[in-house]
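Encoded as structure tokens, here's the structure I'll be asking about.
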Amino acid sequence: MSQSVADVSPFRDRLTISAISQYGPIIGLVGLYVAFALLNDRFLTVGNQVNVLQQVSIIGIMAIGVTFPILCAEIDLSIAQVMEVSGLTIATLAVGARLFEGFAVPVPLAILAGLALGAAFGTVSGYVTARFGVPSFMTTLAMLFLADGFGLIVSNNRPIIGLPESITAIGGSSVFGFPSIVLVFLSLLVVSQLILSYTKFGLYIYAVGGDRTAAERMGINVMAVRMGTLVISGIFAAIAGLVTLGRLGSAVPTMGASLLLPPIAAVILGGANLFGGSGNMVGTLIGVLILGVLGNGLNLMGVDPSGRLVAQGIVLMLAVLANVVGQD
Amino acid sequence: GGDGGDGGDGGDGTAGDGGTETTGDGGDGGTGTTEGTEEGTTGGGSTPTVALSVPSLEFTFFARMENAFNQAKSDGMISNESAFYDAGNSQSQQVSDVEAAISNEVDFLMISAITAEGVINAIRQANEAGIPVVAIDRNVAQGETVTYVASDNVQLGQRSTELCLSFMQESGDADTYNVVQLEGTPGASVTNERGEGFQQAVDDNDSLNRLASQTGEFSTQNALSVMEDFITQYGDEIDGVFCQNDLMALGAHQALNNADMSVPVTGIDGTEAWVQLFADNQYYGTIAQLPEEMVNTAIESGKAHLAGESVEDTIVIEGLEVTQDNASNYLSEYFG
Amino acid sequence: MTQPTQSDADHIVEMEGITKTFGEVVALRDVTFELRRNEVLALAGDNGAGKSTLIKCLAGALRPDSGTIRVDGEVVEIRNPRQAKELGIETTFQDLAVAGNLTVAQNIFLGREEVTGPNTMLGVLDKRAMRERARELLEDLEIRVDVDEKVANLSGGERQLVSISRTLLSDPKIVIMDEPTSALSVEGAERVLELISQMQNQGISIILISHNLDYVQRAADRIHILHQGHSAGVIDGPTADRDDIVSRMVGGMPDEERGERPADV
Amino acid sequence: MSQSVADVSPFRDRLTISAISQYGPIIGLVGLYVAFALLNDRFLTVGNQVNVLQQVSIIGIMAIGVTFPILCAEIDLSIAQVMEVSGLTIATLAVGARLFEGFAVPVPLAILAGLALGAAFGTVSGYVTARFGVPSFMTTLAMLFLADGFGLIVSNNRPIIGLPESITAIGGSSVFGFPSIVLVFLSLLVVSQLILSYTKFGLYIYAVGGDRTAAERMGINVMAVRMGTLVISGIFAAIAGLVTLGRLGSAVPTMGASLLLPPIAAVILGGANLFGGSGNMVGTLIGVLILGVLGNGLNLMGVDPSGRLVAQGIVLMLAVLANVVGQD
Amino acid sequence: MTQPTQSDADHIVEMEGITKTFGEVVALRDVTFELRRNEVLALAGDNGAGKSTLIKCLAGALRPDSGTIRVDGEVVEIRNPRQAKELGIETTFQDLAVAGNLTVAQNIFLGREEVTGPNTMLGVLDKRAMRERARELLEDLEIRVDVDEKVANLSGGERQLVSISRTLLSDPKIVIMDEPTSALSVEGAERVLELISQMQNQGISIILISHNLDYVQRAADRIHILHQGHSAGVIDGPTADRDDIVSRMVGGMPDEERGERPADV
């Protein structure tokens, strides 16, 4: 908030928004890095760091997506199931299996259909929320059930293997030795941060998230913004489903299991306000990394499952505390 | 220390080893296949109305049970009002499912409990309502049951681990073989039992060494990440991977593949997708469970009980060892 | 009602028979309100008289239970503030509509950002230009706040000034100001009064709500008084008798005027 | 808000707070009842209705507990795991098994220890939240991991059977033919509603939830209130764990699985604002019943799993829409 | 600083060397402020001068970066508004501290509810009694709002009146009012001024912040003026020259006074 920074031009206000959250959460992350680097020699190897990135990419993509509604004081509980059903739809359509037995379509079309499905779920919950004022908690919960049911129907509840290379390459290949899934994740992150920082839509998300009534009175199309954020999070969930196909090499009907809380936790861990109006993608990245590094480090150290849970609890608490203390 | 729960019940049966092909239905179980008609069961008619409650259709295993159940329905083995319940992995939901079945006054109830202990009261209610209970796949800890039809998870764990050992021995000679285990959801009885089987195999075979064990929560994705971390930590030390289910084997395979490693991987369940992968890997395998047979055997046992016949307390459905050799047979048999 | 439509030309806004209830609270009952072209009309009344409710109906923040609104002679339905803005109605609300989590510059431009490239939702903000213009604007108005400060961090008066400065950026036909000077210092209020007369000179029609009768008398051509949700008459501004205003605010329409339409409409 | 009701004295303002939410959600519930009554003859039988109540009791108790933090603009993500670890602790202590092998304590002491454990988790997350301003989303997430890990340690991952009658009777017996678990649930509901309506603490929860800064400035001990709500939700989760022992007849290490979302969903479905300040226990009861009746009705009808999920999605969406439309 | 402590008896509040910065914004720099026993002291200054910041430090809503506060001669640390209340300091904040989701009666009593039985957190509210007293109180003050209405539904002025009526219920030694009349009608403001003089008669010491110089001059014994975070002197209220006030508000402490302590402290 210094007057002197005021002239540093374009990048300046990304820093402002971040300033509050960004330099906080990073303390927890750095602490984790230091701890694990001291405790385990393989942790800091390039290979392992690339692994971590790879492991967090799916959660990361979903976290980016759900950052939009959270900034707008909405929530999306359907991301895990939308991710699942979209992935399964792309797979079954491309292979021509299960529900689409004999109706194989070209890969690009299958992908488009999957993304459109994700967008459709977001559109329905977004519309009901924005138009009728039903809390997005409820509308997206309904979508959670719907998407889950559709997933069962589409896949006939069995894994699909033998996916075309052109699909699995998106999330499962290497580009100059770097995992493609990580590139997808990071590109989406950058694009999303640019949208937030440099477009009207991004600005309006903060405005609506901060004070919906004021935003409405200042002439913002609040309905469109609220709906838009849920559509985006649906699309991002679908993209996560798409890259999961490449990461797993197959489409598994349970691939969304327990993928609801981690993305949302990453967003909050990254300093976003669950009640809207503040946060950003850089924070989300940090939150995603904290969760990923924590899991990876404990795996490397071979902690047993119960010890692992206890350690996760304690370290998480310390990390968030460090973040908050770091902000003061 | 009352370690009452974990699957000790099924552990005894253990008839001949299961490398055979087990074509046809219900071959191995104790009871004969009383195909004939049933005289005057309740509910009017020879086809009883039954209910089957399973933990979660998220697992293909139970989806196959559902298919077998529906098949039995359309074959006229059970009435059309028969109901299938999916508890969505929720303990209390399963209790509710049983209660719904009881209020629907089914002729008998088949249940695969999420945990043996979680349904004690539900079973008691069924007993009180005079509804016979057949336990499938997972037993119940207390209460009256007609019989318990299941694979033996301890045995499955041991056999799969030993299958992995035999692969390791085939692929290279060594004094000891380091195996890593991917466990299921902590606290789940299957996890405990399969883990016990794994431990037995390690104890029984001097050449087998447990390198590491971590939970993959029965999920492909978690298994993939855990396996990646195992590879980072242990790298070439890993000689083989035992997964407590096939979905995790898919993840382990993917991680090994990405790391350009090729080591034996075995799972449990006989999941279609995993078996399909065998085609080009002689060191992959699984011990398949045969839910279709469990359901059919359970229905027959229930009908036999209604007909007044006596039914054995425990019927073990042997797991079927599936490797590259019999993969395509297996697939066409069960996934047509 | 007997009035023929010929008067339309004089009135840029005509609200007729406006009634608005909240549950059993009647905030407005059958209020008729007319704003002449290019005048400054003050809206006065005791606390809770219904002033804010009335202008919210015109600004699209509330929808009346019954009554018609004409803008430029045409009957309009104003469903939300965006529609009001499309009709050229710009409003400063009493409970300031500002986004506390955004900066001063962002608030000033919110809803009408300058973009490079096509002006869609995904239009790229021209932040530098907006910051520049915001800074100039604030300097013009002698408002000493940093354009990059978050509005939540401003003092009460500063926040009000930001809210007012928003009206200057658009090109409105009608400006509504609900208590624009309530948190301002004497100098701040003076500047706002100047601003109002400048806007009038530019041909804008203005509705001003204020409890400060001095300001009202200085700025307003006419004064419309509300009393407990009813109209209590319209009187001339500069020449008005202060006691008359106060007695109408406290006691409502004088008996002699009751039943007839105010003479000067 | 009518002036005429203003004099109806004591009960009056419970109606005020409720008026907004209570008469809304009930429309969805009534609709469900009508639909299922028409579709299935066994649905409306006394036996089945008692069943429904029995089925919702555990979720209901957790929902009551989590209503407190939600009203206060906090959230508790740890309820399912706290429920689990408390139940397991009571069971192992009473039986003297696993971690407490050979240290059996009298039943009342075991129960007290379990409830104290629940309270302890709430105290830790509540303290860190109230004192350091760490969002309760994060602190209770940390508690989720911790409680989960402790649960595994306490139970050694294995179910405990052979619980003393005196423990299982609390959640598993009948009182005049009525299930005891339902009585526990309804008594807690009444007590909680009384706390909300008639005590200072209850009033302060609404004040803090509505506007924390204003409440602080008006002299309310905001820290104590925020912390208090999380302690309460910990205790209620522990009580849920206790009665679960009776309902299941045993203690199972996974008994909390998938019990996070339903209680919170019930609270929101009951008209409470996720962002704090409005809602009540009557609403929570209605929300719990909507979820319970929906599941029970679909079970009775024997809808297949995918159809069931789809139906749940659609019906839920209709129910929340009905609620919102009903409020207008 | 050369002043011996003997003056303590006269001053119920002494704030010395108060500095408060927000990031790089200096809201208050080394401000010394003294409130005499049983006086009405007005705090005046342009928008953003630091008035609200100063009284927030005394009310426990903000903690100064440096400086000492003495109440009744004793150095105190006021960590939160509750501590301020314990010291007998009751405050009406500029951005009204009211709970919009609670009723008028609940707001009036919030933090000092009447309970039957022991007065703990679980004390049982005596709602009927509170509603009765709230109704009487509002009637006394001629505030026409329903005690069961939610405060969020009130008009701006009504909300302000509710906030002010809170001060009457406690038994404060010091009352701080930050812009209490900003949203009030002329009559409403009159009533508040009366209230202030009543409180003064009861022996309460009062700090009044207002931009309305008429009200300030009528009510205040002395006027303390702030200019851009610095003290711009203290002058006598009723006899003050209005131009002097304004010039200090706009230009700060006159040169001749600079460097010396205001004579009349």
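By written order: A, B, C, D and E. Residues from 1 in each chain.
As a convention for this text, a residue touches a chain if its C-beta (ideal position, glycine included) is under 8 Å from a C-beta of that chain, and two chains touch if they have at least 3 such contacts.
Each chain and its UniProt protein: A, D = ABC transporter permease; C, E = ATP-binding cassette domain-containing protein.
Worth saying up front: this structure is predicted, and the values here are computed from it rather than measured.
Any chain touching chain C that also touches chain D appears here: A, E. Hopping across touching chains, the smallest step count from chain B to chain D is 1.
Averaged C-alpha coordinates give centres for chain A and chain C that are 43 Å from one another. If each chain is reduced to the centroid of its CA atoms, chain A and chain B end up 34 Å from each other. Our note on geometry: chain C versus chain E, Cα centroid distance of 30 Å, whole angstroms. Annotation for chain D: residues 1, 3, 152, 157, 305, 308 touch two or more other chains. For chain C, residues that reach two or more other chains under the stated contact definition are 22, 25, 146, 149, 153. In chain B, the residues that reach two or more other chains under the touch definition are 57, 186. Note for the complex: chain D touches chain B at residues 42, 45, 47-48, 51, 54-55, 58-59, 95, 97-98, 101, 151-152, 155, 157-162, 172, 244, 246-255, 257-259, 295-296, 299-300, 302, 304-305, 308. Residue ranges of chain A in contact with chain D, taken from their complex: 73, 75, 77, 128, 132-135, 137-139, 141-150, 152-153, 157, 261, 265, 268-269, 273-275, 305-314, 316-317, 320-321, 323-325. For chain E in complex with chain D, the touching residues are 59, 61, 80-82, 85, 91, 93, 96-103, 106-107, 110-113, 115, 120-125, 127-128, 131, 146-150, 153, 166.
The touching residues of chain D, when paired with chain E in their complex, are 1, 3, 5-6, 9-10, 12-13, 16, 195, 198-201, 203-204, 206-207, 209-211, 213-221, 224, 228, 277-278.
Only residues 1-6, 57, 66, 81, 83-86, 88-93, 95-97, 99-100, 103-104, 114-121, 124, 141-142, 185-189, 191-192 of chain B touch chain D when the two sit together in their complex.
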